[in-house]
Amino acid sequence: MKRQYLGKKIIQSLATIFFVLVFNYVLFRIMPGNPLAMIMRNPRASQEAIERTRELFGLNQSWYVQFGIYLKHLFTGDLGTSFLYRQPVTQVIVARIMPTVLMVGLAQILATIAGMVLGVLAAWKRGSRIDIASLSFSLVTYSMPTFWLGIILIAVFSVSLRWFPTSGMLTPGQSFPNQLAMIKDAARHLVLPVMTLSLVLIGEYTLTMRNTLLDVLTEDYMTTARAKGFDDTYLIRKHALPNAMLPMITIIAINLGLVIGGTIQVETIFSWPGLGRLMFDALKARDYPLLQGIFLLITLSVIVANLIADVTYGYLDPRVRE
Amino acid sequence: MDKVVELKNLKVTFVEKQSFLKELLTKEMPLVRAVDGVDLTIKKGEILSLVGESGSGKTTLGKAILHLVDIAEGEILFQNQAVNFKHKKETRRFRQKAQVIFQDPYQSLNPRNLIIDIVAEPLEVNGLVKTEAERKERVMKALQDAGLDPPESYLYRYPYELSGGQRQRVAIASALILDPAFIVADEPVSMLDVSIRAGILKLLVELKESKGLAFLFITHDLSLAWLISDRIAIMYLGKIMEIGESDTVIKQAEHPYTQALLDVMPIPEVNRHRQRKVLSGESPNPTNIPAGCRFHPRCPHAFDRCREEEPVLQAVNPHHLAACHLIEKKKTQEKSHD
Amino acid sequence: QEPLNTMRVGVTVEVDSLSPLISYSQIGYEVFQLVYDPLVMLDENLETAPGLATDWQISDDQLEWTFTLRDDVKWHDDTPFTSADVKFTYELLMENELGMYSGSLGGMTEVSTPDETTLVIRTELPKANMLLNACPILPAHIWSEVSPDEYDAWPNSSPVGTGPFRFEEFRPGEYLKLAANEETFHGRPQIDELIFVLYANTDTMAQSLRLGEIDAATNFSPSQLEVLNSDASIDAIAAVELGFVELSFNSWDDPSSTSHPLLLEPPVRHAIEYSIDKQRILDMVYSGQGSVGTTLVPPEGFYHYEPTSAELRDYDVLMANQVLEEAGFADLNGDGIRQAPDGTPLEFLLTLRADNANEVQAGQMIAGMVAEAGIKFNIETVDDGALMDKIYSGDVDMFIWGWGADLDPTTILNVMTTSQIGNMSDSNYSNETYDRLFMEQQTIMDPDERREVVWKMQQILYEEAPYIILFYDNSLQAVNTSRWTGWRRIPDEGGYFFNLTNYNYLNLQPVAGAGDATVPATGGSDSLGHIIGGLGIMAVVAFFVFRKKKAANSYR
Amino acid sequence: MELLRVENLKTYFHISQGIVKAVDDVSFTLAYGQCLGLVGESGCGKTTTALSINRLLPPEGKIQSGNIYLEAVNLTALSDDEIRKRRWKEISMIFQGAMNALNPVMKIGEQIAEAVVLHQQVSHQQAWGRAKELFELVELEPDRISGYPHEFSGGMKQRAMIAMALACDPKLVIGDEPTTALDVMVQAQILNLLDKLRQNLNMGLILITHDLSILGETCDRIAVMYAGKIVEMGSTEDIYHEHMHPYTYRLLRAFPHIRGPKQMPEPIMGTPPDLIRPPSGCRFHPRCDYAKEICREEEPGMTAAGDGHAYACHFGGAFNG
Amino acid sequence: MSSIYREMRLKKLAHFWTSFKSNGMAISGALILGFFTVAAIIGPLIFPYNPMEFGTVETILQPPSTTHFLGTDNLGRDIFRNLLSGARISLMVGILATLISMFLGTSVGIISGYFGKAIDSILMRVTDFFLVIPWLPLVLVLAAILGSSVWIIILVIGLTSWAGTARVVRSQTLSVKERPFIERARAIGADHSTIMMRHILPNVFPLVFANTILVTAVAIISETTLSFLGLGDPTRPSWGMMLHYAFQSGAASSGAYWFFLPPGLCVVLVVLAFTFLGYAFDEILNPKLRRR
């Protein structure tokens, strides 16, 4: 049973990936400036270089052959060469992955935990001060443009209070006596960007958690559980949460796409050396191969995250295993 | 008497929903044989009750007659004619003549429509009214026929503003507005409070009598069936087990399944700690219908033949048929006694 | 162990490549002149000074140059430097025509090395800009290992040069780190570590500078200048730069172009120029940093031509209207927009670069100004790439962009030659006389004589106005003087860095006792003010909800 | 010996439209091993009565006054903690619609075992052992104990629910419409099972239903509720044969009797009253065929009509003559 | 008879109003939004604003004063007036984009849920695609391709934000589809479009409505973000554009809080108002939440 569910989800994901590939392919071909023009724009491009590109992209072939070539290159991990950096796209991307993963990962974890705690508190004490406070907090942070929040946080915590550095991932050029010192330095730099990103996310998580939990709390099985004589903490932990977690998982995964949007802003504000900024730079520089590569990577990771969420869902909810 | 509906060896199957992957990998798909070979006629001015446990295929049979589900095999004659559902006009004419009332009056009315719109919908869908005044008039007449008096006070309300009984009457009104010849009433009272049920039942009987309507009355409550219908058909796992005039079926039940159903019927009488002959197990599932007599695994009287040979409906008397090997056995026993 | 004296420079653009064959960026230029040495460099007065070559002679026919090279220079990996390295570098660049330096090598026909310290270069024609070629000399022992096929892709990820700084580390997206070269003929710099820190926005960069996280920075926005200067330890300047911002018309006079035919008419262009109050835009958008523009070659150089008062089209709305009136453009239907005799209105599309807020705002102001002359500008904003596409396909009326120039005028003059259409030319301008003069000026060795020709060229351009040069803009730089002293602007109105010389990097002195622990800066308070204000408002909102909620509860 | 005594219980819901007097002065008693049927139309306050006993009312519901004694303990006076300890151990419930009353993401066995662990201080393993026993008791295959609710059919879920209710050997089990929405056949199975278990385990059982006809086989006593009040209470015989209240009479007449004469059941006209603004006097008077002036004005008290038989009507037994 | 009809409608409205007015979030949301709507409609009439009219050097970045309530921007324009006219743009973008998104999301959701099978599979994969595809990057790319006029921004936001609605509508459609009144409609011979328009749409609409309001909030933030990243329409200075200019001109670091804070706060407030309303409607219209 379980394997079938998994299989179905994987097939669905593959279908989505296929859409993404087609879309990616089409999008970057209808974008102004086809690959050839991009190469030719380089004033020094030699005739051979143009020929090479033509062949590489199969521009002299029919569109489906071109798409095939595109797929073939993808499967061999060849995403082309960045116009901007003159390096294989994969190489450029790999160099920038870690900072983003670090920041997004931390922010997601923090936001999930905080959002769940706040959401649970709010739902359990519905109508109380705690509920109102956490609700207002979530709604207000949820309503803030990410970049604006980031700037405000810099103004408060870096400029006024001097607690954290304004930007970057490490103090630039610092050589660290040991690993620990470096981690400490990185941690100081991480605080504000992670805070910005998680604050924006917390809102949605809190609200989702609160709403699903309120839903769950009205379910008949909660009355049953209460009738069994359990106390509130046990009820929440053992009965309400496992049920309320189900929609949360989906939201968290879907949010990953949103978080990436947030990273573009956060990385710009905090000069964070990650993928979001790389992508924005690539966009501005019309570095199509790079842009396409990042786009693909991000989309794939969101799809994979969704797949993982679906699988987790299946694991947590016996009903969908079939 | 006029036959309104005639079913010949009707079969309805569903493909059990399963995962895409499995669909890809396996060629054969498990079939749900919801209705599995039913012959039946319903006559003008008659209420035929269809009784059986949950999952026995009652609703499916009802829907099949109205062509709301696809028919796998067999034939349906409506007023002695086969309806060609590919033909739009013919379909439309059929839809006007055959209507349905559903079990749940809370769910079967669109909560966002006004009563007048709900009742008038069949008229509109079939393009049968021209003017607003005519529309209202016909709706009022239908409401009145369904026992909602005075009709004006219901026109501009929403379903949630009505009680369950009133809602079911609205549903009936909407079924009546096209002047149908035949109505499938799928457990029309099972969701209603006992105190209201009687009114609806009375209405159905009245309609049958005053308009000569034919009803297929679906229920799992034998006593209701007995009270209002002319004939009763007992269904088990997609097949008719026993059919006959209602008194006969209740008072002289031939089929062990009918007897079991009768035995578990609650009666408002002090009968403390009566140990009822309750059939064990639940209604088995129609994907896997037992060989031989489909009832044999739960039958207290099952014998070898039941496991091997599927009994057909046979006449106990001209107005009473049952599908059970016991009848023959009894007959041979009687004969040998003679 | 002595603590290192580190200097951090904030930049908003990072090197596009560490290979001089690939890079085209200003920051690349700056880094290469620190890591590598050219034959001849520029001193603090922007005069030529010995680089790797200590001395040079030119033959009488002006076609052969002989350079005497230093004999005591070592590459950062301790390999000795010889004339073979120069020959290798020049030939590599000339053959492959790669990177931003190859252009300045144009005209060389042969490079020979009689011995390890002598280099002879022959040219086809006299080469006026021979000494202004800043091409970094690359180590032959490293680059000869690279296959020629890979020149346009080999990343040179760990450059080895002879320059005053050695390359340490490059972290894309973060910073680039150099360290002082102990043995350099420049004399060891006081800066032990030089770090170019990349900022994704100028706002945080300004904050960082004030907080002492960096010691210097460039590319600020004009309005930040004043605030930065209010900080006692910060010296923020608007440095004159060899560059300009222009309003460029699509001059592609061809049926396949979608250029606006009316814009090809000089009176229209002239009227537009008359109606633009450049000084006001400069004051408003650029905080007055820079100067009003006229001709193609920026005024700081020797070759700048200033139009005579008769030629000059200074801001004058009356003139603008008059010019149009005389050319037959009148507003007959009274909608405020003049029409050509055939009824076509003077309505054009001005394309702006979306991510350049200054240009966008300047464009908006211009649109407002030309309306006074009965001309309508519609505005669209696109990104650089899209604008580039439009330019190359001729699908644009006019746009605002900018150029940076060299000390030698050749590069910037080249932009307007016919041969550059489809390449560097963004106005698609073509004029035979101009093209001929361009070829001529390259070969005139006498500066004054050469200037005559260059002036003539500028006159032509000013009259035909494919560009309206709006301003000669400034580069906004700021340094924190509390940790490093000895900052010098080069030239006098110029910048501390990105000024074609590495003088400051070589001569800055650490302030005793300043340490690396950053200097406290003032000015946090005003930010605090706006934060508190903001939080206050949010609190009010929260309170509002809170109150309402409570009411709802008691209702229940 | 009395197991449960409910005295003048009033439970109101405070909602924005007003106060719903869902249970309004209800008293009854239940002896050990006895089964009481609580019957009435939808919305008359049956579930509310049950929830009041266990103090499981939703936040807007409040016990206004009255006492509920389980043995000698007044449940209404207990602290939240104390009542919580007594839940399930002393009073357990079988809820209306078992399909929703079981946690869908928890194994059924676990749902039974957790209650055992909580109330009987046994190891988790022992609790599972107990759960297995209970499964056998309710005639379910013990192997299916680690299944999830969705794998069970309606009847099986109801059995599992019963098993759960019996987990801590409660003194009192309240079954709130345990067979509604089940098939006749399965309903009969479940009722048989409940009856058998009650006798074997000697516990008190309150059986809540709106189907008067199913009580004859299982209950010793029946209380008929109407609009938040008990209108008649007595032994099953009393209610079926000697009923004195017109509502009981009408209710009985609304059921078809398959073994009796073929007679159409009779509807009760009108609709159940609005419990925010209940009718004056006798609450049934707007629907009563025998209502007189006094019924509109004066609320009838309980009149005794024999041993343990009482009714609230000014004209008890009026329909007889 | 129409008077009864009107009366019933009024009763329903009154009922809604009762729940609405006892809901703090709804009231605050409505008040804030009302305020901004009025400001957007009549504000520019009283305080007209022309983005092409610039101040002089002296009026650049002036702090709040009696002549300029909220000071001036880097081009000497009045910030208060700019805010008022920005409200129009921001609200317009939010609302129009939402309409597009609502239309797409509802159609796709209903069609997909109603027809099921292959249509559902295909539409849902497309929806999934729009759901998983990182939203901002996509919008950035699209905006870069198509250019940055307000209309294109509206279109882009609308085209990329419908997936969530589609999913919600689809699942609601699936459950509505199973309700007997749909079967009843089929039994009386209604065709697919009638069933979808007349029976399914009205029943999914409350959900769409609540969802839509939330989409509006997202759309406004999106516009702000796009503008901030330099992809806005400079000729129609929305709040996002103001923030963009403020940031580009270094207002945040140079202490010009009056340039930087007000547009941001306006965005926060308006988005908050929409979010409030969305959640409140959800609470009012979603019977499950209401039950407790």
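Side notes on the structure shown:
Think of it as A, B, C, D and E in the order they're written, each chain with its own count starting at 1.
Here, a contact is a pair of C-beta atoms (placed from the backbone, for glycine too) under 8 Å apart; a residue touches a chain by one contact, two chains touch by 3 or more.
Since this is a predicted model, take the numbers as computed values, not measurements.
Touch-path distance (fewest steps) from chain A to chain E is 1.
When each chain is reduced to the average of its Cα atoms, C sits farthest from chain D. With centres set at the average Cα position, the gap from chain B to chain C is 86 Å.
If each chain is reduced to the centroid of its CA atoms, chain B and chain E end up 50 Å from each other. The centroid of the Cα atoms in chain A and the matching centroid in chain B are 55 Å apart.
Touching two or more other chains at once are residues 16 of chain D. Of all residues in chain A, those touching 2 or more other chains are 32, 135, 139-140, 151-152, 154-155, 268, 283, listed in ascending order.
The touching residues of chain D, when paired with chain A in their complex, are 54, 56, 84-89, 92-93, 95-97, 100-106, 114-115, 118-119, 148, 150-151, 164. Contact residues of chain E toward chain B in the complex are 1, 4-5, 7-8, 12, 179-181, 183-191, 194, 198-199, 202-203. For chain A in complex with chain D, the touching residues are 219-221, 223-231, 238-239, 242-243, 246, 316-319.
Of all residues in chain C, only 201-204, 206-207, 210, 220-224, 226-228, 280, 283-285, 287-288, 352, 354-355, 357-358, 360-361, 363-365, 367-368, 371, 379-383, 385-386, 523, 526-527, 529-530, 533-534, 537-538, 541, 544-552, 555-556 touch chain E in the complex they form.
Those residues of chain C that touch chain A in the complex are listed here as 6, 8, 16-17, 19, 22, 97-98, 102, 152-153, 155, 168-169, 171-175, 177, 193, 195, 197-201, 203-205, 207-208, 210-211, 213-214, 355, 383-386, 388-389, 392, 423-424, 523-525, 527-528, 530-531, 534, 538, 541-542, 545-546, 549-550, 552-553.
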